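Heads up, the next two complexes both have chain A, just with different partners, chain B and then chain C.
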Partner chain A sequence: MAWRRRYDHVWFVLPGLLFFAVFIVYPTVSAFGLSLFDWKGIGRDVHFVGLANFAEALSSWPFYRAALNNLIFFVAILIFQHTVGLLLAVQLNARPRFMEFYRTVLFMPVIISLVATGFIWTLMLSPNIGFINPVLRDLGLGFLARAWLSDTTWALPAVIVVQAWNLLGWSIIIYLSGLQNVPQELRQAAELDGATAWQGFWHVVFPLLSPSFTALTVLTFIQIFRVFDVVYVLAGPLGAPAGRTDVLGTLVYRTAFGAGAMTSADARMSYAIAMSVLIFILMAAICAGLVHTLRKREAAV
Partner chain B sequence: MTAMRRPWLLAASILFSLPMIGAAHAKTTLVFWHNHPEWKERVETILQKFEAAHPDIAIDLEEISGPDYTPRINTALAAGEGPDLIDVNPGPEARAAAEAGYLVDLTKLLDTSSLTDAGLDASTVDGKIYSVPVLGAYTVGLYYNRDIFEQNGLKPPATAADLFALCKTLKAKGITPMIAPSQDGTIPAFLYMLAASSILKADGLTAVRHGTRKLTDPDVLKAAYFMRDLYPYFEEGALGSQYTEGKALFALGKGAMMEGGSADYAGFTQTNPKIALAVVPFPALDGGQPSTVTGMERSIGVNKDGKHIDAAVTFLKWMLTKEPAQMVVDTITLTTTKGVEPSNNPVMREMIEASRVNDVRVWYEFPETANVFAAVGANAQQLFLGEMSPEDFAKAMQAAVTPKAN
Partner chain C sequence: MTRRAVRASDVARHGLLAGACVVVLVPIVYMVIASFKSVPDFFTNPYGLPSRWVWENYTRAWNEAKIGITLPNSIIVTAVSVLGSTFLSAMAAYGLSRRERPLAMALYLLFIGGMLVPVQMIVLPLFILLRTLGLFGTLFALILPYIALGLPLGVLILTPIAATLPRDLSDAARIDGAREWRIFLHIILPLMRPGLAAVAILNGVWMWNEFFIPLVVAFKPQSQTMPVGIVAFIGTYSTEWGLVFASVVVATAPLILAYLLMTRQFVAGLTAGAVRG
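Right after this comes the complex of A and B.
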């Protein structure tokens, strides 16, 4: 009877736990097993190689280059969300006229599939058929026009802009919900004490937004280190030009299934899985660190 | 009154439902995954011919574009959810699929005597037949836009020197000389195979496969220099543009030349029926011969886990006859059926003519050189941008070769 009372909650957790075990834990564990073999992903040619795939990944430049591109991607998106996203959320929170309209328009990109987003932007950015360059020229900014997606300097920023455009709605919604939880009395108190609008925001409102800050930072980290679709659609499986846009997602994908459109003779599924396992461990560790540090910061508030 | 009407109602409903029951039982629907979206209309025309001759079989064709095909099919096969008709790349991939037990052994089920030698060779894994290249073969050479050449009084190039002179002239006139979308590596890989094959020829490629010739040999190295020197004549944004975008640009007359094969014919004419297409073999490098590269289109096999193996075999049997082969060569690409010539397709005739000089099999069909294709993709952009020397590029190409142990 005591046992029953103590473990009653297990029945509520069980369905979710089973689902998690079958669809998340089991594949993850068996992936680790596969990563110890040399296997193309098809056929019976399988050899045990131990940790050789991990050693190869850790000593391969494309792996680090891809991780570095993910990092640049993450920092850029993070800054964008915590500045532009927050600014727009504050503006919306002031309940301007047509607020619903603005909110819908700003959130719209989030619900459009990233693949569709990528195609639309590919067409816009193309130097041959796109309209961004002609528009720049018409505005007298012709010196800015370039072949965006094949420019070694500008390809990654172009991809980041597309992703930022797509994700902006999230940051606005998360910050907006945070802002709506900030008690009105605190702001009024700050005003009465003679704080300027900026001081009120920076010393009273922003600290109270720290749960939103934590959630957004961690979510963005996970999202950006798994980024694949937008890069694949805009820059192809090779991270063109010359690997400048290559991220871990595209690297793993083309290693697993082969890089060529005509042949997949170079596919190396088990090596790709080894890279994914490394990424998994790395992301789990960083996420735990991030959550720990940011929670401390929240507690300090 | 009601008693009178009932028997009529019953009879009528039985009569009406009969054809439906019959239809539900008679029709077998085969699912067919193929990877040439730009051929869809033309392949469907062939399938309709088949369906007209076999009213009890319907074929549901799903076209999946280039780079997305392999991940889709490998995943589906591993999960036991593959289509009835599967297309695989001849060579190492067909072998892997056969060895994995995904394909029905067709050796005793099909009469393949109508296939060309190359077609039969591509179908065979250890003496057994697992798939047949019934949707043709392709030969790759150099397409040029006849209108642009005539308007500017130009002749198609026979040598690399001619090609560079031509590129300079065209560029000076503000015309893009060469369309070469390089985002996914397909076009650079063919450019390299054509340039290197100009020097190597068929014998030299055999020597590379046996390890007696190297892609770093001083004469073959010229192919890497050729690639680097040709890059400035590509269309703007070539490094970031997709194969399909490049094909559309060429079809619309936005460039004078494009490396391409008989299999691209359908896509070009689908985009722009009025395009004035012409073909020559790829220009000869210094000390080499003009070249073409020939490969099989994806070969079609039958899924061992499929529910309609008999119907799928019936389809392949029909595809091996002359009628569909004639439709393939007249509307899509070269055929692998013996004795079938294009009836009224000048581009296909020019392509056959071009391949008479120095035709080399596509490298990825051989296990020893299969990975060179991907190695070009991984390194060509660095070569174009000057971040990698032609010598290092050639080294990377040679590193992708696994010579046969003799």
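Right after this comes the complex of A and C.
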């Protein structure tokens, strides 16, 4: 009876824990295990190869190219979120008229799937049937018109813009909730001291927003290093054109199931799993470093 | 500040916000307009209204783009997964909220740690596991992983809420002879309602839109949800843009409608998720 009283809470945890163990813990352990083997994904042709898969990934050019694209992607989105997102959050926080309307509209892309977002923009950017090129021509900017998604220079920036459109709401949500915790009196005190609105913001308000800065940076890091849907829809599993938009997500997918839709001849399941394990370890390490540095920055202000 | 300066900054503020709203709304409106266009209309009239409103895009999409199958699938998968993972999260959160009990803290950290595991890493072993369990071709291949993947966020949001519930309530009920289970259903669960809504909204939006897991485990329309169904359709009929956009509108409209009807709950839920996640 005493034992029952002591552990009765465990019964409430057990069903959830069962799901968690079977569909999250087991596949995680299994991923680490399979990464040490050579296996195509089907059949019984399985060999233990130790860390060879990891060594191969770390010495292959596509892996670095994809990681570099993720990095460019991350830096661009990060700058966008911390400038445009913050600017719009500050405007909303001033509680202008129609504030409810603006907020409702600006948050909306967050609930729209990346697949839908990808389709909408594929069509808008299309050189044949899209509307961005005709609009540019009508504005007298016809020289800017191009086949955005098959242009080796502009494909990646185009994909980044599409993702930025979808993610903008998150930065506004996070900064707005941060701004609502900044006491109004602090800003007013700064203004009475003769500080301009900009100085007041930069020296008084922005430092108080550092928890939002941390949360948004970490969230963006996780979102962008796992990016897949937008690239898959806009550029296909090969990261067209010529791998210019290839990211780690598409690289792993393509390696696991083969590049062709119907053939799995070049599929290398265990190598793909090893790559995803490697990405997970690197991301966890960078993320921990990021959180550590940003928290120190929060404590300093 | 002088009145004129106030007015100037007001104009700038409304200009910025309205400009951003236009950038957000144009693609959404464009999607709806595109869903009513005929194929030649896309070429001759790229950014005007349809020369003829082709409602058949929707009826044809229902059959040809298989949304007559994938829409019910999306509804079933999302509804069952949201209910399942919210309910199991609430149970786990209630059990874990007494942190002084043995194991509670360790299990809590284990659940939260699940947030760090990327879907990309587990989806391949999951593929093998589901194939072994014989779940391929059924909606359970999506529902069971979704329930599990919804738990970390649910536990993260609900455990602190469960911990703040007054203990005397359940103690009083216990003295009255109520069993733990009935205390949970009739006292604890109703008190957690705002937290449950946040969890259901966050997980629901994610599950409705999720693309990667069905891309890997669902090959036929019978077991596909809308996002993968649309991508599979475009692979076969890549010029039928009107049908594609009719499907995209059908896949997007339910969420936008729910968002417009419950903006306050969505904003609260998304804020809770963004700041904690």
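Throughout what follows, the second predicted complex is superposed on the first by the 275 of 301 C-alpha atoms of A that agree within 3 Å, B and C clash if a C-alpha of one lies under 4 Å from a C-alpha of the other, contacts with A are read in each partner's own complex, and residues count from 1 in each chain.
In this section, a contact is a pair of C-beta atoms (placed from the backbone, for glycine too) under 8 Å apart; a residue touches a chain by one contact, two chains touch by 3 or more.
A quick note: this is a predicted structure, and the numbers were derived from the prediction, not measured.
Applying the stated clash criterion after superposition on chain A shows that chain B and chain C collide.
Touch criterion not met for A:76: it reaches neither chain B nor chain C. In the superposition on chain A, A:128 makes contact with both chain B and chain C. When both complexes are overlaid on chain A, the residue A:19 reaches chain C alone and has no touch with chain B.
By the touch criterion stated above, A:155 is placed in contact with chain B alone, chain C being left untouched.
Of the two partner chains, neither chain B nor chain C is touched by A:145.
Contact with chain C, but none with chain B, is seen for A:91 once the two complexes are overlaid on the shared chain. By the touch criterion defined above, A:258 reaches chain B but does not reach chain C. Of the two partners, chain B and chain C, it is C that touches more residues of chain A. Comparing the listed stretches 79-87, 115-123, 223-231 or 367-375 of chain B against chain C after superposition, the clashing one is 79-87.
According to the touch criterion, the shared surface of chain A, contacted by chain B in one complex and chain C in the other, consists of residues 41, 128-129, 253, 256-257, 261. Residues of chain A touching chain C in their complex: 6-13, 15-17, 19-20, 22-24, 26-28, 30-31, 34, 41, 84, 87-88, 91-92, 94, 96-98, 100-117, 119-121, 123-124, 128-131, 134-135, 165, 168-170, 173-174, 177, 215, 219, 226, 228-229, 232-233, 249, 252-253, 256-257, 261, 269, 272-273, 276-277, 279-280, 283-284, 287. Chain A contributes residues 40-45, 122, 126-129, 147-152, 155, 235-238, 240-243, 253, 256-267 to its touches with chain B in the complex.
By the touch criterion given at the top, residues 66-67, 70-71, 74, 77-78, 89, 91-93, 95-97, 99-100, 102, 182-186, 189, 235-243, 245, 249, 254, 364, 367, 370-371, 373-375, 377-378, 381-382, 384-385, 387 of chain B touch chain A in their complex.
Residues 10, 13-14, 16-18, 20-21, 23-25, 27-28, 30-31, 34, 42-43, 46-47, 88-89, 91-92, 94-96, 98, 101-104, 107, 110-111, 114, 116-126, 128-129, 144-145, 147-149, 151, 155, 180, 184, 205, 208-209, 211-212, 215-216, 227, 230-231, 234-235, 241, 244-245, 248, 251-252, 255-256, 259-260, 263, 266-267, 270-271, 274-275, 277 of chain C touch chain A in their complex.
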